[in-house]
Amino acid sequence: MQQTIMSYVNAFFIGGLICAVGQVLIDKTKLSAARILVLFVTVGVVLTALGLYQKLLAIGGAGATIPLTGFGYSLAKGAFNDVDKYGLLGAFTGGIRATAAGISAAIFFGYLASVAFKPKPKQ
Amino acid sequence: MLEKKLGKQTVIFKQPPTIAATASIVGPKEGKGPLAPYFDQILDNELWGERSWEMAESKMVREVLSKTALNASKAVSRIDYILAGDLLNQCIAASFGVRESGIPMFGVFGACSTMGETMSLGAMLIDGGFASNVVCLTSSHFCSAERQFRFPLELGAQRPPTAQWTVTGAGGVLLSSEGTGPFVKKITTGKIVDMGIKDQNNMGAAMAPAAADTIFAHFEDTGLPQDYYDMIVTGDLGRIGREIADDLLSSNGIRIGSILNDCGVMIFDMKQDAHSGGSGCGCSATVFAGFLYDRLKKGKLNKILFVPTGALLSPTSVQQGESIPCIAHAVAIENG
Amino acid sequence: MQQVMTGDEYKKYVDSKAPDSKLLRNVIRAFSVGGLICVVGQFFVNSFSRMGFDMDVSASLTSMTMIFLGVLFTGLNLYDDLGRFAGAGSIVPITGFANSIASPAMEYKSEGYVLGVGARMFLIAGPVLVYGISASIIVGILHYLLKF
């Protein structure tokens, strides 16, 4: 029980911290949302390759996997795993293999949303 | 020697055209703003029964044209020319809006300064003896502008406090060779001014130097005293841009801070989350056609200098890292 | 008119005029909302693990669920309100990635299902995939080379 509660607390702090870094970048550098997302994924890939993101993940759990840096982590980890299994080919198959569920879900649900919903202006 | 030209940028009319009527249609957000009582029609829905935001904007142009003619009690067939423009690529709101009118049309692009540009050209057409009745039409629509210049509506992005809110609205102004005023006495045509601002979210700062430049040129060309006008009203500089324009003019010896106003500041309340203020072709058009024209007609204002401002950028130029060239056109309007 | 400032001076002057974007307030909001979204994610990870799925499968199921929720809230016209409040707090989590796909898909439906929805849904997600996947290939190749 204690462990479960701690997993929520850690997810909140690590996840919140990663988002706070993003907010500082938006306010201080005027980077657009698209550039922030690109930056976070790439940083996630690089930190994972350097073996650093794994440490954050060990503490934060979903707090580290849910932010887009976690998407970068999955891409890099997938590439490493497949390289270990299949050699050089793995560098090309691993990233998408590891993130296939998320990417496919986003495309499919996004498509369904366009069928079912309409954009609405705000007052 | 050109007898109607004053200085480098100004034209003075020999037979000043009358503004015979105006009309305005605005969206729901504008209809909750402080100028709501002055608009002819307030939509309760941005789509207005159409299939797309662009078609809704065209419908506003179409309806505002017939309202303008109606308000002047003039048959649409007596209109010689339509001068119209908007913000959308290839000015589709204007062209589609007047498609069925059967009236000769000049499409005009001056971004958010288009109302100033069309009124300038319309007044010249009339004083030149080429037309007796000219309708100037401009429009903008928050939703069609967002998707063209920024992001999809449902994207969860934040706007910085310097950003402005594109007005949903269309305005029409009927200029006529006969009538009892208010009259378009002079125009000062702006030149492009670019101070190197690249931030699309701070258009007020980009446009302010252009507005200051045109206002300065107007006083220099005409030699009028600085307190000549009851109000000098820029198009859509917003709160920050208005302040900057005031500073720039002051440092050039023109102190008009107390009478300098801005349509983008007037159209929304601070509480309406429109950040620095309104923008878009529809901003100056509806504020003029709604509020300012009413004040002129009732004699609350007798001399105004109306200076719509435009940022001449495109999504392509922004992505290619270009700065934002801007322009402002001044129209001097007086009773009697 | 006399230009009293050069372009650079004008830029500095404009920056001094721009109101503060309330950094501290924005960061607190981003931190709280981003943290809460991750707590929701942690809830799904814990639940899926309890159902007996292994770690990788739980992670994938969690991603899918969060993406579904992100798309759903976008469709219900709520995610942009959240975004206006939370900024990076709702952009950076994977739900923000889902929002970046669903919002253009809905917006550009008026240009048809193929070139409207199909092409434009990658307006923002496209660059993310391009750079994310390319980076993973590069580190994969480096990993391969370093193994020797």
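Per-chain residue numbering starts at 1, and chain names A, B and C are given in the order in which the chains are listed.
Definition applied: a contact is a pair of C-beta atoms (placed from the backbone, for glycine too) under 8 Å apart; a residue touches a chain by one contact, two chains touch by 3 or more.
Every value quoted in this text rests on a predicted model; they were computed, and no experiment measured them.
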By count of C-beta pairs in contact, the leading pair of chains: A-C
Greatest separation from chain B - chain, by CA centre: A
Intercentroid distance (Cα basis), chain C paired with chain B, Å: 36
Mean-CA-position distance for chain B and chain A (Å): 45
Between chain A and chain C, centroid-to-centroid distance (C-alpha), Å: 9
Chain B: positions in contact with at least two other chains: 151-158, 160
Sites on chain C at which at least two other chains make contact: 21, 26, 74, 77, 80-81, 84, 86-87, 91, 96, 100, 102-103, 106-107, 123-124
Where chain A touches two or more other chains, by residue: 26-27, 33, 119-120, 122
Partner chain C, residues of chain B touching it in the complex: 51-54, 147, 151-162, 195-197, 202, 205, 209, 212-213, 216-217, 240, 243-244, 248, 251-252
List of chain B residues in touch with chain A within their complex: 27-29, 32, 46, 142-143, 151-158, 160, 168, 199, 201
Contacting residues of chain C [partner chain B, same complex]: 1-2, 4-5, 7-8, 10-11, 13-14, 17-22, 26, 74, 77, 79-84, 86-87, 90-91, 96, 99-100, 102-104, 106-108, 110, 123-124
Chain C-facing residues of chain A, complex: 4, 7-8, 11-28, 33-34, 36-38, 40-42, 44-46, 48-49, 60-63, 65-72, 74-76, 78-80, 82-83, 87-88, 90-92, 94-96, 99, 101-103, 105-107, 109-114, 116-120, 122
Chain A residues touching chain B - in the complex, by the definition given at the top: 26-27, 30, 32-33, 119-123
